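Naming follows writing order (A, B, C and D), and every chain is counted from residue 1.
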Amino acid sequence: MCDRHQIGESEHVNIAVDPGLTPQAPLPSPAVISAAAVSKSWGTTPVFTDLTANIPKGITGLLGSNGSGKTTLFGMLLGLHDRNGGSLSVMGEDPATAGPELRQLIGYSPEHHDLPVDVAAQDFVRHLAEVHGLPKHEATTRSSDALWLVGLGEERARPIGTMSTGQRQRVKLAQAIAHGPSLIILDEPTDGLDPVQRDDMLELIRKIGTDYGIDVLLSSHLLEEVERIADNVVIIADGKTVAAGRIDDLQIGQGGAVVVLDDQHEAVARSIHEAGIAVRIDGGRLFVGNDEPIEAIGAVVRDAVATHEASLRRFGARQQSLEDLFLHEVHGE
Amino acid sequence: MTNVPTPQPSPPVATRPTVSASTAMPAMIKRILPAVATRGRLLALSAVGLAGILIGLAVRNGDQIDDFAATEFISAFGLTIFVPIVALVIASATLGTLREDRTLVYFWLRPIARWQIVLAAFIAGLMILVPLAGLVMAVLAATVGDGSDVAGAIVATLVGVVAYGAMFTFLGLITKRALAWGLVYILIWEGFIGGLSRFAGRLSIRSYTTSALSRIADDPSLLTNPETTPVIIVITAALTIGFLAAATVYMNAMEVD
Amino acid sequence: MTSEMQPNAGSAQIYDRGYRPYDGDRTGVSGAVKSVFRASIERALGLRRKFRFKIVPVLTIVIAYIPALIFMGLGVLFGSEVAGDVGAAEYADYFGLISIAVVLFTAFVGPELLCPDRQSGLFGMYLASPLNKWNYLAAKVGALTLLLSLVSLFPVLFLLIGYSFTGQGPDGFGEVAKTVGQIIAAGLVVSIFYTLIGMAISTLTKRQGFASAGIVMVLIASGVFAGILTEATNAPDWVRAFDLISLPTDIAGRIFDEQIVQFENVSTSMSVATLFGVMALCAAIIVGGYQRMEVTK
Amino acid sequence: MTAQAVVVADRISKWFGDVVAVSEVSFALGPGVTALLGPNGAGKSTTLRMIAGLAPTSQGSITVLGNNPRSDAGIRGRIGLVSQEEELFAEQRALEFVALAALLCGVANPEAAARSALGVVEMDPDDQRPISTYSKGMRQRVKVAQAIVHRPDLLLLDEPLTGLDPRQRLAMTTLIQQLGAQGMCVIVSSHVLDEVERLGSNVLVIAQGRLAAQGNFHDIRALMDNRPHRIRVRTDKARALASDLLTYGGVNGITVVDETELLVDTHQVTLFRKRIAPTARYSGAQLFEVHPLDDDLESVFKYLVGR
């Protein structure tokens, strides 16, 4: 069930007047990344045949099975690999031609965790901020800010080699946002984190995507995470975009509802059936109705459960989780 | 799902290894050989061997060669540099690569006796070292010397390959920097300390390989009093068994990751 | 999250310490190259790092300047005329004197600049910045050349300045200018030559230890083989020039009107040809190596 | 029925120098799947390695089927391990790798056993490509095949799900479930908790090197009486339902989020589950959703080890 707590569109006065973001009603902001029929192959093996997607501002999840070319796509967005065909624009520029200028405005956090072992986190982040175009003094202050923001304030002078996986992931995030990018690309940002560390990291990425006004494109295998913090999603498989758009639009309800009881399964099911709504028992769960509105189903279920004084553990509309969507779209299961 | 069962000791299972050496060892040797005989290693070592042979050729048609100089050269290049280095690179890689790329667990966590793993690694090393070192040393001896030099070189190489092989197989198991420590042993211990006194000499394998060469190529000038053949054989066997046993003990006590 | 500052809210203020987007102008690719250049020099000299990283660089640099001080001392003690025969070296053979320091520094600093970047994934992150492989390598070549000139070009310049004070130096503006020009030329030859060798071998492996050992072995082995081949066998004389430790010193000698030449019966053109041949080979190894390197890591 | 214990740990401890990784942990695990959970650096992998005998215990003892995995060679033939390490015998083909494992475990016909094991993990035994060219998901499955080819009594899986995409994860969890159902004692250490929930609900939670909890995680949640259960209720008459619930529903506190949403805190969750429907009917409020927010494994985990 997608229980993403919706942060209201915060009253965001952005010093740099970003045309797309005005306090009243946000105008249809231009797509950060737009790809049309992009094709790419390594030698003879094709990776993308028809990649088409418009990635709007905000946080976007890039989903795909292992080997579906996510890392290649990131490379193309950064202008590191040229594509074989189709048109691709990042922040209005073509990465193949405007590579260096674009890469100045993009923060990239790679999938691997190996970072310089004997370099202090502060020097590492400052150096990469300079490399992304910040003058020396600006790089020093902003790298320190970035490390405080990701929660590594005290440890910023420590060599990265002495840091845990959780801390290294934060260092990678800090170097991605330190130089004031407009877009950050995060490859598996929660890989190797335990649940508590993962929550903190997701909260951080959420804050970056909303309060700091930086657009985020992240890849992850844990779809429950993407559901929790992303606004939009792009699913790629067999070289094509299989689904793209806002998560809420994509997650069309499968219709009907799920009722989880501790007891009286048959009795309640019978009452629901007598009230004229289809019901199916599977394990401890009742699948009620198919496309009736939740209001109708709700009333019948409430009365059926009440009359039999059954113990109601959970009840709600059958929401297609992102994982169901992914498995369906990518593998037709 | 079953709840947490109450602890009851179950009937004892066979504690002795349940798989015999005859089945396990050939399979392990077959697995270790390709990991050790990589193209890079074989290329580099044969290049060194070739260089030695070239120098041998150069020394020969420098036309001031005589019998004693031949064994001098075989001992100087062959037994001091080539045989130990080749043994170090190959033997330290047998258990070394298994440990470095963390595949040792696929041998270690098996119902087989640990000495079988050590012996399999040692034999795999020899299966590369004997042909490689033997051939190069034979050709080298042939270019500079006569039949007795060739025989001497081959026997000395065998002694060296067996003794060094066991030592460096053990070294490869116990340290990640086997190459560095091996070089320290060869260059500093054997090169420097070995020459200090006859007693110090006896503590280095090189004195036994050189003794074997001087005995068979009957060139007494190499060493003041070369060991007798039975002593060479006994010492080499003792060293080999000692290092392989040490490796087995270490393997039983180590933490495998 | 940002709270507007109310002008009439008394003296108290709460400031937003949140994220500040950067809208100033950026230094582009040239800024990135400068940053890599500076970072490489700091790393090689052990700045911003624990003390033990400072020992080797400082030691090597000191070794390169001590002979100059001694020669100046000789000049002061024995007077400038006699100093020459007592041992105060000429500029050309000063290069020979410090070649060991240059070789050691190359073996230490060359791998230090290239191998850790690839070992630690930093190279992959550089490629996700305005840099590409080629301006990255340009920054590294620049840094290594400057570092090596610290132990080759500048010590000899220091010697010239010292000699001028003790009276052993050239007299007359023309003469001084010529000597300074020769020193710079010779110094650059030595620095660039060893820069290319150091970087070529450091391209072949990620492990710094292997690269350092490789550089020392290649340089020493080249000397041994060149020596054996020319003496033992009757190989042609120019094979002598493949002794990579003496080659640059030989060229330096030829730059100083051929005062002292390492390889007697080797013509200048042949020695220079060998020099550029070796440098071309190293450049090819570097470019070829980085050409094939996986971009995404 | 008290199943027979396969793994028994008696106050095991492990320290590296003076850093204590695991201290005084005791448990006994029988057939079925047990999830070994804990924050990074809590001693999870160290415990798994001690069970497999890869590392000696600094104190206390571990027995697998009554034997010491560290010293009794025979028992090593009854243990299967899927380690986190990526490296396999790179140049080998999958069939060779699994057949070697079978042979070294004394399996009668190694190749046949290898073929069937590869079949179980849906891998093609005749695939001639070396393992080094395999994707992460395929490599993981070959490692599992190697661990089950000799029908072990105890199967240890260290983070088997990391790096797998959703489809590969589904296949792996289904396979693990089946092995557990067949009576094998399976211990899985993982961070992907919503997948672990699918494996079963028997957990062993380690935090700061100490045993934090053990058993069925729903029961563990119920034991946490210092943590009220929080349930989100969506209805059309939030205020009316809220007041009635306060009187009849066995509820300790309610937050009215807005006109259609309530957050209910209750210490008597079983009573609340009985009363929610009748109370809603009584106050004429519709029920659109009744969703427990902290009954899943992730919440239990966080209460035990985190915030």
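We adopt the following convention: contacts are C-beta pairs under 8 Å (C-beta built on N, C-alpha and C of every residue); 3 or more make two chains touch, one makes a residue touch a chain.
Computed from a predicted model, the values in this text were never measured in an experiment.
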item	value
Farthest chain relative to chain D (centres taken as mean CA coordinates)	C
Comparison of A-D and B-C (more C-beta pairs in contact)	A-D
Between chain D and chain C, distance of the C-alpha-averaged centres to the nearest whole Å	56
Inter-centroid spacing, chain C versus chain B (mean Cα positions, whole Å)	40
Rounded Å distance, chain A centre to chain D centre (Cα mean)	25
Residue list for chain D, restricted to those that touch at least two other chains	none
Per-residue overlap in chain A, given as positions that touch at least 2 other chains	none
Interface hub residues of chain B, defined as touching at least two other chains	none
Chain-level touch network, classified as line, ring, star, complete or other	ring
All touching chain pairs, where touch follows the definition stated at the start	A-C, A-D, B-C, B-D
Residue ranges of chain B touching chain D (in the complex, touch as defined)	1-19, 23-24, 27-28, 31, 34-35, 101-103, 105-113, 253, 255-257
Complex contact set, residues of chain A against chain C	10, 12-16, 71-72, 74-75, 78, 80-81, 99-101, 103-104, 106, 108, 110, 112, 114-120, 123, 127-128, 130-135, 138, 142, 145, 149, 175, 177, 179-180, 208, 211-214
Partner chain A, residues of chain C touching it in the complex	1-2, 4, 18-24, 26-29, 31-32, 35-36, 39, 48-50, 53, 116, 119-122, 124-132, 295-297
Chain B residues touching chain C - in the complex, by the definition given at the top	51, 55, 58-59, 61-62, 180
Residues on chain A engaged by chain D in the complex (per definition of touch)	1, 3, 64-67, 164-166, 191-199, 221-224, 262, 294-295, 298-299, 301-303, 305-306, 309-317, 323, 326-327, 330-331, 333
